[in-house]
Amino acid sequence: MSSESLNTGAMPDTLSYGEALRLAMRDALACRPDTIIMGQGVDDHKGTFGTTLGLAGEFGADRVFDTPLAEEGMTGIAIGAALNGLYPIMTHIRADFVLLAMNQIVNLAAKYRYMFGGCFEVPMMIRMVVGRSWGQGAQHSQSPQSLFAHIPGLIVVTPSSPRAILSTYAHAVRHVRNPILCIEHRLMYGLDFHMDEEMPADPLTSRRIRRGRDLTIVATSIMTLEAQRAARHLADFGIEAEIIDLHCVSHPDHDLIMDSVRRTGRLLVADTSWLPYGTAAEICRIVAERDPSALKAPVATLGMAPASCPTAKSLEDVFYPSLRDLVDRAARLVRGGNHGIPLPDERSMADVYKRFKGPF
Amino acid sequence: MSSESLNTGAMPDTLSYGEALRLAMRDALACRPDTIIMGQGVDDHKGTFGTTLGLAGEFGADRVFDTPLAEEGMTGIAIGAALNGLYPIMTHIRADFVLLAMNQIVNLAAKYRYMFGGCFEVPMMIRMVVGRSWGQGAQHSQSPQSLFAHIPGLIVVTPSSPRAILSTYAHAVRHVRNPILCIEHRLMYGLDFHMDEEMPADPLTSRRIRRGRDLTIVATSIMTLEAQRAARHLADFGIEAEIIDLHCVSHPDHDLIMDSVRRTGRLLVADTSWLPYGTAAEICRIVAERDPSALKAPVATLGMAPASCPTAKSLEDVFYPSLRDLVDRAARLVRGGNHGIPLPDERSMADVYKRFKGPF
Amino acid sequence: MAFTDSEGKSDDDSKVSFESMMYDALKIRLVEEKIIEIYHSDRIQSPVHLSIGQEHVAVGVCAALRRDDPLFGTYRSHAFYLAKGGDLKRMFAELYGKATGGAKGKAGSMHLSAPEVGFMGSSAVVASNIPHAVGAALAARRRGTGQIAVAVFGDGATEEGVFHESINFAALHRLPVLFLCENNGYAVHSPLAARQAYRIGTLAAAYGVPTHSLERGHDMMGIRDLTAATAARVRAGGGPEFLEIHTCRFREHVGPGTDFDAGYRDDAAMLAWQATDPLTVHRDLVDRMTPALLAEIEAAMAFADDSPWPGPEELLTDVL
Amino acid sequence: MAFTDSEGKSDDDSKVSFESMMYDALKIRLVEEKIIEIYHSDRIQSPVHLSIGQEHVAVGVCAALRRDDPLFGTYRSHAFYLAKGGDLKRMFAELYGKATGGAKGKAGSMHLSAPEVGFMGSSAVVASNIPHAVGAALAARRRGTGQIAVAVFGDGATEEGVFHESINFAALHRLPVLFLCENNGYAVHSPLAARQAYRIGTLAAAYGVPTHSLERGHDMMGIRDLTAATAARVRAGGGPEFLEIHTCRFREHVGPGTDFDAGYRDDAAMLAWQATDPLTVHRDLVDRMTPALLAEIEAAMAFADDSPWPGPEELLTDVL
């Protein structure tokens, strides 16, 4: 956790992902008078899954306000506001809708600073929620980190815990003068976490969240939790996985990844999106460009199946990699096909993080 | 070249990239009555850099028509037309503008078939031109293949020759029932090519365009030409490069790549976009997942510098990899840092393919 | 029988009768009430956006369309799916995520489709279906099919730029499109006043598109007649037209409940609507029709229950 | 001197004088004519979208703005850059791709900026700057700066959905924005009739935004006065307003040439415009002012010529 003192009061021992987001939003408004939060429904009784609840009342309806349905326009408006002295935070209840604003994000927000030779800065935050389970279907389930991380000028994070949220968002609001895209995961919103995690001083990087000698798992977002579950299971059978939470997918810590792979010789990447041209590809690039000879086995990768997300639960359960898949792939990586390690039973992550059940 | 008989008359010995595009467009209109071409300026006296010139006159203003400035809307209109029996071809004079249509392409066109369980098909083509040189700057120079190739349901090609254009477009118009995105490169439009190239029967794949034992170069779009220039230079000094034109970036030929890398042990990827989360990353994934032990050295990658494209020529010249860089990186890969191979002189590809000079 | 709306007027035989529309509307209402009833059982594991209170719009409009007129819907499409003639068994199977669903379970409630009756799919990205209708109309004209294409969308959808782009192109080329805006006054929990500086009808008219605004969205006969007259002009080549039909969503935006306790709207308006709702008013007709419909619904649910889940072999079909 | 426009009327001292506006307009004209003259030399290696024929709009509008009013331009922004007070030396250096340019050569002709005089950048993606002005106005109001924000765009830009989204939000929140549409009748080579089913003024008015259409885009005094009156209301909190100013591009869309031979428009309209162009009409004033301006331009070009190229060390600065 960074040294910032958040405007959040005393920190409890445990906190849910959603509560952390609300604290981060509150802190952003409290720490600078020029922060605004804009998004569809940010001031309604649901408050963006609770994360903006009460903030319009506390900080004023001119600082936390609803918007028309106009993703491209509102993103451009946020950019203009940032250019004239505000710190806008935009929210999207699904990351899929951010594709409507791709032009403003990629052609404008990402480029304004460079294109004008440093004359301008565009400090702003775009929050978006990745949907999963309960029949989100093809248009409410995408996780677009690689689309943004490909573009110079953007910072992209996929926080996997309240600690990561608090430190990253506080740091961004205070110190980052570029657009930052925060890709949050709906399935984590209701989960409680212990607050004893360490965070690096600069939270815009990757971090190791578990040490191990047998393989390296690089994970994003909720796959970090899955990796930890898999690691605990594997440990019962003598396999020690090291886990790196990629976190800042646009600016991962290459050294951290490489050092780990050099030690373990085995790499598994677990991402929330599709594999081609995704995070799995990028991690492979890092290793292949630096030192592929560090690999004692081919890299294993896990992500969404190469299709749109189906709605039927029976298909969704196989569309996403399960804990079973993760354990099996990790065990194979270390011990080969006949690894003999029993696979855990749960079929679907959504069943485990059960707090999320429709309608949305 | 596929076995299709194009509606193009006898084929000359040499053809320019731009003329090939015009022939392909003419063929698309001639081979099926339901083809339409829609785009800004397709019927004007410039005719999309000549590629749609005269076609409105020949096939009718209801089949080749200008559109308002409305990329998202017009893409949706093309989708609707495809759903009701037409084969729409859309044009964009710069790929950057296609970002305005990202929602329709990714959330709709790519998903319509799968999302509805195969009830519908969306056969259509979206052509877009990558700008380079003559101060195109940050917003007229992007090459978004990786953004699209990440999405299941889309087919993405980066043709590097008239043969590739003729066979791929003819095949797409006749047989492909999904959206195909054709990423064309402005610098090649005016170049003449010999027509003696071989094309695989199914042009939606990658192909080897040069054999060599010392290293494998995987290239996209115009980088394929650069790779050939580099290979000729390297050959003078005893290094034989094998070149694979990735071509169908969404569906590259994994076996072709892997077989080549197994033989040469060395891999260089040369792409027209940024490296992170790009084509270079994807090729590294293919090798790392299959058999990284085939690599005798770290993979070398070449693409745009990690910044927006600067306008000043002095910066643009270093923003893009030069022939020099390509030769140097290839030579290092094979012979190490002191390779002793003299580097060719040209600073910039734009100076070589000189036919392109402003204003646009 | 108390006739509250234009259904009292004498009816042209060639038109779909009031009774038949009541049947369709009741069917939709009962289907959605059944969905509410079983939602807790988790047989439907997906978000449901109910049309209860708005069924009459779908029924009235579809009564005046040709079966092959392509219509593009939204995530809130149970009503239009059924009004256009979509099969009930396949619908329940789709809601249940079964292989016998219209889309083999890949679509669910938000993405219903029934191409065999011109129901061309439902997109859950607001306004994204509007240009599809325009494109379908372009194709209809070019292919000489005589179809008119219908874009169905809510008041909120008119805020998206693509609405503007779509209506401009349709008007410019005088395409056979019917723009149908179901104005229920809310986008999720946001009232019109928090989102729109314009009046929807005025905006549409600025494109030179004839617009018709109908306050009484429960008046199926009125909707049918207005749609029929409008569709005839559109079909005859008169260019696109715009219908705005005011209506009221009785339930929460998404999910099976009500949410008048949430404070963003009170139930007074809803109660006023309910008082004129033909499905409330015509109790006798409703009572008469209900048993057969319930039996049909039970049969559809049984079909869905008995149907298999799509197996893993379905995961990668229909991609390319 | 033959007064053809409202410049004949008596002039309020607090306002920028006609002579001073003539000076600014002439400066822009001469700068662009110089660009044409040297374009073949390849000193400017980038696309140039000239404003020749349209300078008066920029000059008239900027004469009525505060220096700190943020204004957002397009790829066709030489005129607005200079009219807003941007430095000529830095402009030529930028066009030449030199390190002393306003953006160190990273921007070029399409992306001029001069934040010190409120010229907030130029985007080459049509219409993409419109929401920026709206956002800047939001910030101005919240921060109490007293600024009004100006979005400059062409007729074609109104076709993009983002225009609709932006004006709706500005109108809804009554933000201090001036929407300024330079209607030159063409987007590249396409005439309005091939693109728009609406009249631009009518469309803007549908959002409840007061719109003013000015036919005579060469009438700098008229533009200045209209803008001043409009800006005063906007600044006073009256909400956004919309100015449509008709004008004429004398040159090809992009590049230094003319293209009346291409057939998409004939030169009759252009000749009519030229006949009332103050820069043609007021020859004496023009002749009097030209030498000093040419000297200034030569000096700026010399400055640009003598300036260094940005070195490779600049390639990766200003990214993060």
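Should a chain be cited, it is by its letter among A, B, C and D, assigned in written order, with residues numbered from 1 in that chain.
Methods note: a residue touches a chain if its C-beta (ideal position, glycine included) is under 8 Å from a C-beta of that chain, and two chains touch if they have at least 3 such contacts.
Quick caveat: nothing in here was measured; it's all calculated off a predicted structure.
Look at the CA centroids: the one farthest from the centroid of chain C belongs to D.
Chain C and chain D have CA centres that are 46 Å apart.
If each chain is reduced to the centroid of its CA atoms, chain A and chain B end up 31 Å from each other. With each centre defined as the average position of its C-alpha atoms, the distance from chain B to chain C rounds to 42 Å.
Along chain A, residues 67-68, 70, 72-73, 96, 100, 103, 107, 114-115, 137-139, 152-153, 306-308, 310 each make contact with two or more other chains.
In chain C, the residues touching two or more other chains are 101, 104-107, 111, 123, 125, 159-162, 164-165, 168-169, 172, 194-196, 318-319.
Viewed as a network of touching protein chains, the structure reduces to a complete graph with every chain in contact with every other.
Every residue of chain D that touches chain A in the complex is listed here, in rising order: 70, 72, 101-107, 111, 113, 115, 120-121, 123, 125, 128-140, 142-143, 145, 147, 149, 161-162, 164-166, 168-169, 172, 317-320.
Of all the residues in chain B, the ones that touch chain C in their complex are 34, 36, 62-63, 67-68, 70, 72-86, 88, 103-104, 107-108, 112-120, 152-153, 155, 178.
Here chain D touches chain B in the complex through residues 42, 44-48, 97-98, 101, 104-111, 123-127, 156-157, 159-161, 187-190, 194-196, 254-256, 262-264, 309-312, 314-316, 318-319, going by the rule given at the top. Residue ranges of chain D in contact with chain C, taken from their complex: 159-165, 167-169, 171-172, 195-199, 202-203, 205-209.
Chain B meets chain A in the complex at residues 72, 96, 99-100, 102-103, 106-107, 110-111, 114-115, 137-139, 142, 146-147, 149-153, 250, 267, 273-282, 284-285, 287-293, 295, 298-301, 306-308, 310.
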